[in-house]
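Each of the two complexes below includes subunit A, the first together with subunit B, the second together with subunit C.
What follows is the complex of A and B.
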C-alpha cells in the first residue's frame, strides 16, 4: 500500500493570502510549515494550517472525495482538485497554492465558481427541452432509451463544474465572455440526448460565434487539466464540425 | 435590518430541497433556496450506488412491486419506521424515478440478451427479456429481496442532482448560495422563516416566508470519521431543536456503513457488494457466510457492520497504523465491469490509497454514514409542533427508515418526499396568509446579531477547533456501532461539560465578514446539543433495534420500546435535552412485527403483535376477492396528493 509516503517529512506550503472583504488588505504569499503524515492530502494539510496556525485561512471543501468539484485551486502551477492531491506527490516537499484564476476571488483560496456555473447553465439552457414534457403520465412506463446511448450521455455528464478547464483556458483569459469547455461539454451532452428536442440549429444560436465554439484556439488546457478526464478535445472538434455545417 | 419576503423558503439545495422548491414554483409560488454552497455541490452528489424503485424491468427484479419494497423497507427499519410513511414512499418511488428520467437522468438501461454477473462469488448468466430492452435497469443492494436499485454507473447521486438542479434553473428558482441559516423565526406556534448569515460579507438577513422547509441533510460530522461531506453538520436540525418547540425524532439512530476506506472514511459504494464483491479478513477468508448464511455480504448495513466489528474483535482484522480493518475484494468483478460501473470507486482507490482495485483488495472499516434521525414531521412533512415548519430528506425524521435505512432508499426518499411534501408545502402556502409582527423579526435579528457581537468581543479563551474535535472523538469512542451504559454515560457527561465550555469560546480572528473560525463558533455549540440528543437518546433506549445496538440490552424489545424518541431543547441555558416517547401503533401496522430474517436477534414480543397478526389474517380471509391494492387499503390506508395517486405500470405486468 501507500508506497511513496515519506512519513514525518517537513512540508512547506506557500499560500496566497488576500481578503478583499477587508479594506486595505493586499495580496501576499505566506509560508506555513507542517509535518507530513501518512496519506496526507492538501485537504488535510489546509485544515491543519487553519486549526494550528491561522484560523482565518479561507478555502472550500465539501465532499473531500473528488466528487463535488468545490476545491479546485492552482497547485504548484496546475489547476487540480486539492482534496484528492496527496502531498507525497511532491518530492521536494514545497507546495505553492493559488486561487483558481478566471473566477471572482472570495478570499485566499476560495473563489466563486458557483455563480459562473449557474450562468453557464442559464446561457446554454442546460436542461431537457421538450414541449410535451408537462403531459407525461408518471404512472406509465418510462420511454425506453438505447442502453449504449444512456451510458454515453453519462460519460459526458461526469463534469463536476470544478472550473479547472476555465482556469487553464488560453481563450478565456483573453475573452471574458468565452463559454469554455464546461459549457461545450454540456451542449454536447444535451445534443446527444434524444429526450432534448433541440436541433443543431438551436444549438448554433447558443454557441455559433466567437464567444462560443468558433472562439476556441485549440490550446486544449481543458483536456490537459480536467480532473475527470472528460473528452474535451474530441467534443469540441465534434461540435465545431457540426456547427460549421449548420449555416 | 435586511428583510426578504417570499412564499416558500427552502433551507438546503440538495435533492430534497430542490425538489420541494420545484413543487412550490410549479404551483406559482414565490420560492427561494438558501444554501451553504452551490446546489450542485450538495452532498447528494456523492451518492454512488443508486436509488430504489420497484420497476421490476431487469430479470432479477421480476416479481418486484410496491409490496415487496414495502416489506424490505419495514424489515430494514427493524419495525421502527412509520408504516404509513413507508407505504407513501414505496407507492411513489416508481413515479419519482420516471419523472427524473424525463428531466434528464441517464439511468442505466436493460440490454436484451445474455450478460454475465457475479452472484455469491460465481459467474452467472442472466438473460434479459426483449420487451424490457431500453427500460431502466437495477442492481442488487443489501437487505432487498429483488434487484431494485436503479443507477447510472456509480454516479447516481451526481446525475440525479444535476438533473434536479437543471430543472430548478429552468424554472428560474433562485439559489442564494454561501448563506447559512442560523436560527428560525417563530412565535412558539408558527414558523415564519429564518435568520440567514452571508458567509462572504457576514451580514444577516431575515428571510420571511409562509412556509419554511429544512432540507439540510444529515449530521454525520458529529463523528470524527464519517463518509459524509464536511458540511454535513446538522445545523438545520439544530436550529429546529433550538426553537424549543419543534422536536427531533430518533436521533440515536445512526447508521454505520460497512465499507469506507481506511483511514479517511471515504465511501466505497454498497454497489461493490451488490455487484458481487466480497469481504475478507486478515487470512483472506470470506467470513460473512459464517455469520449470515442467507444474505451473506448483502444483509442490511447495520448487520454487516456489526458482524465486521465482531470479526475484528476476534482478532481477524488486518493490522494497520490506523487500527484494524478488513478487506473489500472486487477483483473478481473484472476490469471491464469496474471501469464502467465502479469507476468512482476505482478513482477513489487510486487517488486516496494508491491501489488498483482491479488487482488489489481495498482496506475498509465500518464508518458513520447516515442519520436516520432528524426534524420530526407528520406524514405531510410538517412539524407537529411548529406550524409552517416542514422538513424533508436526510434532515427529516419523516420516518420511513426507522432504526436502519436500506441502501438506495435515501436518495429515493429525498425525491419522493420532495414530491409529496412539496405538494403539502404548496398547499400550506396557498391556504395561509403571512402575518407577522416586525417586532418579532427584529427580536430574532437582534438576538442573532448580539450573539455574534459577543463571540467577537469575548475575551474567553476556549478554542473552537479543539472543542469540536473533542466532541467528535467522544461520539466516535462512546456512541458508535456497539453501545453500552458505561460508555454512553461517559459520553453524556463529557458532552455536557463540553457544552459549558462551548459557551466560552474565544476567537483569534475577530473579523465579522468571511471568517471560518466564526463559522465554527456559531456551529459547534449547536452540534454539541445535537450530539447530546444522540448520546442521551442512546443511553435511555435500553434495547437493540436496527443500527442502535446495546451490548447490555441485545434484544429487540417490542414490549417496551416500539416507540419513537422525541428530543426537545426547551431553553437556551439548558444542559440536557428533554426526551419524550411516542408509541408506534402495532394495531394499525400493515406488517406486524416479526423477525427480519437476518441479523439473528432475539425479540421480546409485544402483546399487540399476536392480536394484529390475527386481525390481518381475518381481514384477508374476509376479503377473498380483494386484490393487493384493496388489501393494502384495508390494512394500511394512506393519503397522497392527488397528482401522485394512481397505480404504477410494469413491463409484462401492466398495472396489476
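What follows is the complex of A and C.
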C-alpha cells in the first residue's frame, strides 16, 4: 500500500453535486480523478478537487483536525469526518461522497448542522439550571467539584456536534422529531453535573416520550459511527433506566 | 380533555410504561421460546421422552391413570402466552415504519450504511409481521386442542394436517426474532455493560449468533424428526401413542377393571 501511495495511486471520487439555490439544478454524481499523496485525507483531496477541477464545489471545514465537527459527510456509505479519514483506508481507490442525510442541504457536501444543533440545545435547555443562581456570593470561593466527576462530565462534553449520530440513526431518518444521540448525550451530561439543579423528573419532561428516550430502537448507529467514540449505548441505556423509574 | 390539560403540566408516564411492558413481554416470550424449543426437541431422544414431557406438562402425575392428564392446564398456559404475545405485538407494532415513505427511507438507509444492528432490527420487523399470522394460528390450535399433543398426534399435525410449512416458517421467524430481541434488550437496558460496554457488546453479539445457530439447528433436526414420524404414521392418522412400558403393564389391569 505504502509503495503504491508513493507511486501516486489514482483515486476516483464520486461526489454528489447539487445546488438547491440554482433553479432547475438536479442532483447528479460527478467523478473526479486525483493522484493520491502520502497521508492524504478526504478533506485534502476535496481541496485539490476544488483547486484543480471545480471551484464551485461546496463543502465545510474549519479545524482540519477533528475538533470542530464541520466536515462530516457520508464517505463510502459511512458518516464520518472528512478531515480524519485517510484515503489509504480505501484499497480500491474509489470514494463516494454524499452530504449527511437528516440535515438541510446547503449545496453539494455542505449541510446545515448548526440549525439542528441549536434546536437540540434549546429543546433540552443545554445550560446550567439553578434557581438560586442570582444569590451566588461572588466574594466567596466557588464550591470545588470532585475531579472524577469533572472527568466524567468532560468525557461526555467531547461531542463536536458533527451530526454523524443523527445521520447514522435509522430512527431519526424515519422520524424527524426524534431527539437523537447528540441530545441524549447532552441530557446525560447535565444530569451528571451537580451544578445543574434539574432533577430526573425535570429531565423526564424533556425526553420522557417516544420523540425522546423511549423512541430509541437501539439500532446503535450513533454508537458505531460517532467519530469521537462517545459512549452512546451506555448513556442511552442509563437514561432509559432512569426515566422508566421516574414516579 | 382534562387528561390533555394535565399533561401540559406534567408529562404522561405512559410512554415509560409502554416501553417497559414491550421489553418485559419480549423478555418472557424470548425465554419461553428457548424453553419451548428444548421441550419440543425431546422427540430427538425418542417417542417415549416426548410423550413423557407432554404428559408431565398436563400434570398427569396427579392423575391415577398415567395416560390421562389435565389438558385444560395446557389451554390455560397457551392462553397466558397468547395474552403476552398479543400485548407484545400491540406495543411493538408502534415501532413499525408507519408509511411507505418511512419504509423507503429506512430501506435506503440500510443500503447505504450496511450496518449490522440496523439491519437486524428490520429482520425483527419482518419476522414480527410474519408471526402476527402464523404465530396466532399455532397458538389458537394449541389452545383449542390441548389434548392432541404427543409423538403421534403432533407428527400427524405436521404431515397429515399440513402444518409443516407453517411450522418451518415459524421456526425460522421466532428464533431469529427472539435471539435478536434478547440481544437488543441487553443493549437497550445496558444489562451487561460492565466496565467496557464496547467489548461486552461484541461478546453479546457473538453469543446472540451462537444461540441463534444452536436453536435453529436444533429446531431443524426436531422438525425433521416430526415430519419423519408423521410420514410413517400417515396411514394410521389419529391413533395415539402409548409407550411400550404402559402397553405391557397397563393392559392386563385395564382388562381386569373391565371384567369386574
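Criterion: the second predicted complex is superposed on the first by the 235 of 247 C-alpha atoms of A that agree within 3 Å, B and C clash if a C-alpha of one lies under 4 Å from a C-alpha of the other, contacts with A are read in each partner's own complex, and residues count from 1 in each chain.
Keep this in mind: a residue touches a chain if its C-beta (ideal position, glycine included) is under 8 Å from a C-beta of that chain, and two chains touch if they have at least 3 such contacts.
Just so it is clear, the model here is predicted, and its values are computed rather than measured.
K.L.:
Look at where subunit B and subunit C land on subunit A after superposing the complexes, then choose clash or fit.
P.N.:
With subunit A aligned, subunit B clears subunit C, so fit.
K.L.:
Go through the superposed model and pick first if A:58 touches only subunit B, second if only subunit C, both, or neither.
P.N.:
first
K.L.:
Could you look at A:94 and tell me whether it touches subunit B, subunit C, both or neither (first, second, both, neither)?
P.N.:
A:94 sits against neither subunit B nor subunit C.
K.L.:
Going by the contact rule set out at the top, does A:243 touch subunit B (first), subunit C (second), both, or neither?
P.N.:
In the superposition, A:243 contacts subunit C only.
K.L.:
Taking the superposition on A as described, I'd like to know which of subunit B and subunit C A:70 touches: first, second, both or neither.
P.N.:
After superposition on chain A, A:70 lies in contact with subunit B alone.
K.L.:
After superposing on chain A, what angle in degrees do the C-alpha centres of subunit B and subunit C form at the C-alpha centre of subunit A, to the nearest 10?
P.N.:
160
K.L.:
If we overlay the two complexes on their shared chain A, which of subunit B and subunit C does A:33 touch? Say first, second, both or neither.
P.N.:
neither
K.L.:
Is A:200 touching the first partner subunit B, the second partner subunit C, both, or neither of them?
P.N.:
A:200 sits against neither subunit B nor subunit C.
K.L.:
Quick one: name whichever of subunit B and subunit C touches more residues of subunit A.
P.N.:
Touching more residues of subunit A than the other partner does is B.
K.L.:
Give one of first, second, both or neither to describe whether A:19 is in contact with subunit B, with subunit C, with both, or with none.
P.N.:
Touch status of A:19: first partner only.
K.L.:
Note down the smallest distance between any C-alpha of subunit B and any C-alpha of subunit C in the overlay, whole angstrom.
P.N.:
Nearest C-alpha pair, subunit B versus subunit C: 15 Å apart.
K.L.:
Share the list of subunit A residues that count as touching for subunit B in one structure and for subunit C in the other.
P.N.:
Overlap of subunit B and subunit C footprints on subunit A: empty.
K.L.:
Spell out the residues on subunit B that touch subunit A in their complex, using ranges where they run on.
P.N.:
Going through subunit B, the ones touching subunit A are 37-38, 40-43, 45-46, 95, 97-99, 101-104, 106-111, 133-137, 152-153, 155, 158-159, 162, 165-167, 169-170, 175, 177-178, 200-202, 229-231, 263-264, 266-267, 321-322, 340, 344, 347-348, 351-355, 363, 465, 507-509, 511, 513-517, 644, 646-651, 655.
K.L.:
Using the touch rule from the top, collect the residues of subunit A that touch subunit C in their complex.
P.N.:
74, 77-78, 98, 101, 168, 170, 173-175, 204-205, 208-210, 214, 216-221, 223-225, 231, 233-234, 237-238, 240-241, 243-244, 246-247
K.L.:
Can you list the residues on subunit C that touch subunit A in the complex?
P.N.:
Those residues of subunit C that touch subunit A are 10-13, 15-16, 18-20, 94-95, 97, 102, 105-106, 109-110, 112-115, 117-118, 121, 184, 187-190, 193, 197, 201.
K.L.:
If you look only at subunit A, which of its residues touch subunit B in the complex?
P.N.:
Interface residues on subunit A, with respect to subunit B: 1-4, 19, 21-22, 38-39, 41, 50-51, 55-58, 60-70, 84, 86, 106-107, 110, 112-115, 117-118, 121-122, 125-128, 130, 133, 136, 138-147, 150-151, 153-154, 157-158, 160-161, 193, 195-196.
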